[in-house]
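Take this structure first; my questions come after.
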């Protein structure tokens, strides 16, 4: 497979042997990426469906659970991710107009935003762990009021408070793993940009990773109100 | 041959009117299926033989489609499917509409036995009794995993789901003994999780319900009865291991536990093993398999079990 | 094939307007959550989230300018997700006698 | 457009040599062969488990193993056959090899992803097999909660293995959709695609849209076991029936992932061997897409007695009936294609006719099971076991065997031994009916499935069934011999030994690295036998 999509230095990109042209390859890659995003939507969607069904069953429990989350940190992370989405889109723009340094700058900002997002998540998680707010079976709140609240909910038939944290940790955990994956891909893009592999003629990886990164943002746009605001 | 009698060639005896209605529908489906299979497979064989290639340059006809024919063979199956769907719906309503005036029996499934509790507190396992011609509603729950209560002779079945109650009803038309299976896979002794339903006359039922089941029996005999209804799926009366240990010769034995400690099989150990089975697991047996029988066996029954095991020296 | 199709370059102005709008919507949804609208809380929050999602899809992800096939892919995924939800929901709301015993 | 001609005598098999060139290949044909080896290995393992099951059920009580071992054998048989054999069987193996050639492409859209998908299958399978060393798995392939959260620890590995295999399936499907959309030869419009492509395309839609839900379900099951998140665990407030909804949302479309490609293969076989254009091309093509779409709405028929609500049950029963219509259309069209044909009875056609015979029986019993009032009795009995084996084995495995014999000349440039190929058919076909027909009767009599032991009145039918199983086993051994013999010693085949019309037969056997030396241009439908 000597002709496989093997990029050479200085912006020259040979499309893979089984495509007619670079444009053909670009369109196909993008289509493939969208198909992949469809699978991501259905995968995350499963959790959302579970969340909504249990939310309908135990609204009080979800309401009480959401009071443990700090909406300020959630809002901060929303802003961070939105900005990272913008810079991701901008990096493609600057590749399209052939400004390598601005492409790089925007990719670095995107990566930085990813780090900020994870740091905030880390702060939130450790805070929860400190109070014993673990998911499911490990749920063991240290504060007496919380124990009281959980017992009260259970006695009223409003469900187990630990389920709220199960959903919280599973959904944000799966999302965070996507953020980490996206950051890995962006790092790869930065390396390739340094090698001047992208330009107006070829920026397919930027476009595809960009789509993935926006999807991660998109999921957070829903997670934030579901978990932090309405509970 | 009526459809119903065709069906009963394979089906267990019909014990209720609902079972009869299921069988009539099943008979219809069987005949309709047979006819369609004959048409399709017959046509297939006929065409395959008739139009086999006899010379190397034999030409085939160029027939790309035939709208009328295609419409017909889409529409006719559709109509048949709709008919059997509505018919099935009617039969299903008969199976699932719970009667108001029913004798209620609480059923609990746990690995791997059934417990039947009547309104007067009488609780039995492995065998239960109902009067003939009486609506019976089973209110079912599970203490561990999903089971499924299956009465083949009544053509009815319902999963027993932990965390909630499910219902099943039937009315037996004939006296007799009927098999109960567990139909949802539930672990090692899934196939051993059986029970017997005895349909008896109203008088016999009333007499049985009022009875003290252990009247006049010695403790060992009480234990034997308990064993047969509760323990037999996992324990046998030899020294061989089944899911749990065999009972023979186990009394007074010193058993090694996980971690090296030892325990003597005495009254206390047997009692603890019945009520809190995971407290002391003998080496070589898995943890968490035996369910607790706390609240299900009376003191007399536990004493009976201890005496029974004692008697199997 | 679509060899000579020229890639659409979205002007910077559009990107910056969209991010401004998204940040404003974030502020609105946070503000709205401080007021109790009863059952409308969820509806309002989800509506705002969907508007935000729409802007991200249309501009950051270029759906507005791209091949409509991608819209179809995205729409199909969403559709089957709703199917999963609707049927599971139908089951849970029409169960009779669901009493927890635990 | 046309690439440099390959040096004469070079084809995809001998273009490069050495194990490493195979393990790193990006050629869809070589990846197809890799899948063939993997799937046949898994099939041998899963088949061995099947033989053990039938041996144990030969007589009442313990025959060769205890209950716990039996449950593990039954679980491994199911999980291996479903996740590692039948799901990748036709799409990933035959599809990979044939799809690009049939649409006149040089390769699939994403060759690296294609190879990655094969490695996902291997890694997932290895992890799943590894669970054997950790107490095994005894949940059945359906992993129903709460049983799967409380039983042995090997379950996690099996679940993670299935999760990774799921990605293999997603990646294959994604690749096929992109290939069909973007890489068709000039002139190859959608309505000129062979029916195998339509079937694979519909399958790919299912793989892409349904498998992610399995992924999240299995992921939740894994965290349920590790952290006890309680979504599916009633002890922590969860709902085990919700697990079944999620599971069957994937696993019902999955049975169409298993059967749709088989239907595609059969369309090709019937056309090629009756040497006649297909009857009702559009109806068959659209019914594939129709079946795929409707299959998403019917999963609740696996849950008629699960504690799902009655309303949902009736609705699911209704929609299930609707799937019956396109399926019936296909069967009628295939039979009509034989009418006034010029039929050659080579072994691939025998398998196709065998498919029709068995699939018809599997289909009508499927309708019986969809009738909700009757299903309550049949649910979770051997009737269901017989039904899905008629569809999955009688359907899919017959189609795989027919497909292998049909495309064998294209894959290896050699013919299989026709006499022994027919012998393998006779053994498989006869053995199959002897094994599974009695199981319909056992189910009607009320014998529940997944039973280690049974009542004495079921014994004679079980004995017949076990004897049949050994007959099938013999048939597949003969088939394996035929394939290996064909590879090594088979007669040299021409480019188009069957006189078929689809594009893959227009190139040499075995094909060169990029499939066609000159880019084919399509000017007519796929089956112009005038």
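Read from first to last, the chains carry the letters A, B, C and D; within each, the first residue is number 1.
Methods note: a residue touches a chain if its C-beta (ideal position, glycine included) is under 8 Å from a C-beta of that chain, and two chains touch if they have at least 3 such contacts.
Computed from a prediction, not measured in an experiment: that's the story for all the values here.
Trainee: Looking only at C-beta pairs in contact, point me to the busier pair out of C-D and A-D.
Mentor: If we tally the contacting C-beta pairs, A-D comes out ahead.
Trainee: Taking each chain's centre as the mean of its Cα atoms, which chain lies farthest from chain A?
Mentor: It is B whose centre lies farthest from that of chain A.
Trainee: Taking the mean of the C-alpha atoms as each chain's centre, how many Å separate chain A from chain B?
Mentor: The mean C-alpha positions of chain A and chain B differ by 47 Å.
Trainee: On a C-alpha centroid basis, what's the spacing between chain A and chain D, in Å?
Mentor: About 35 Å, centre to centre.
Trainee: Of all residues in chain C, which are in touch with two or more distinct other chains?
Mentor: 69, 76-77, 80, 84, 88, 92, 100, 102
Trainee: Counting only residues that touch at least 2 other chains, which ones in chain D make the list?
Mentor: Counting only residues that touch two or more other chains, chain D contributes 181, 209-210, 213, 234-235, 237-239, 241-242, 246, 307, 310.
Trainee: For chain B, what residues touch not just one other chain but two or more?
Mentor: Residues 162-164.
Trainee: Where on chain C is chain A touching in the complex?
Mentor: 1-5, 7, 9-10, 12, 15-16, 18-19, 22-23, 26, 29-30, 33, 41-42, 45-46, 48-49, 52-53, 56-57, 59-61, 66-67, 69-70, 73-74, 76-78, 80-81, 84-85, 88-89, 92, 100
Trainee: Going by the contact rule set out above, which residues of chain D touch chain A in the complex?
Mentor: 1, 3, 25-27, 105-113, 170, 174-175, 177-178, 181-183, 208-213, 215-217, 219-220, 223-224, 227-231, 233, 236-239, 242, 246, 514
Trainee: For the complex, give me every residue of chain A touching chain D.
Mentor: On the chain A side, the touching residues are 1, 4, 16-20, 24, 27-29, 31-32, 35-36, 38-47, 50, 53-54, 58, 134-138, 159-160, 162-163, 166-167, 169-170, 174.
Trainee: What part of chain D is in contact with chain C in the complex they form?
Mentor: Interface residues on the chain D side: 181, 209-210, 213, 234-235, 237, 239, 241-242, 245-246, 249, 296-297, 299-300, 307-312, 315-316.
Trainee: Given the complex with chain D, which residues does chain C contribute to the contact?
Mentor: So the residues of chain C touching chain D come out as 69, 76-77, 80, 83-84, 87-88, 90-96, 102.
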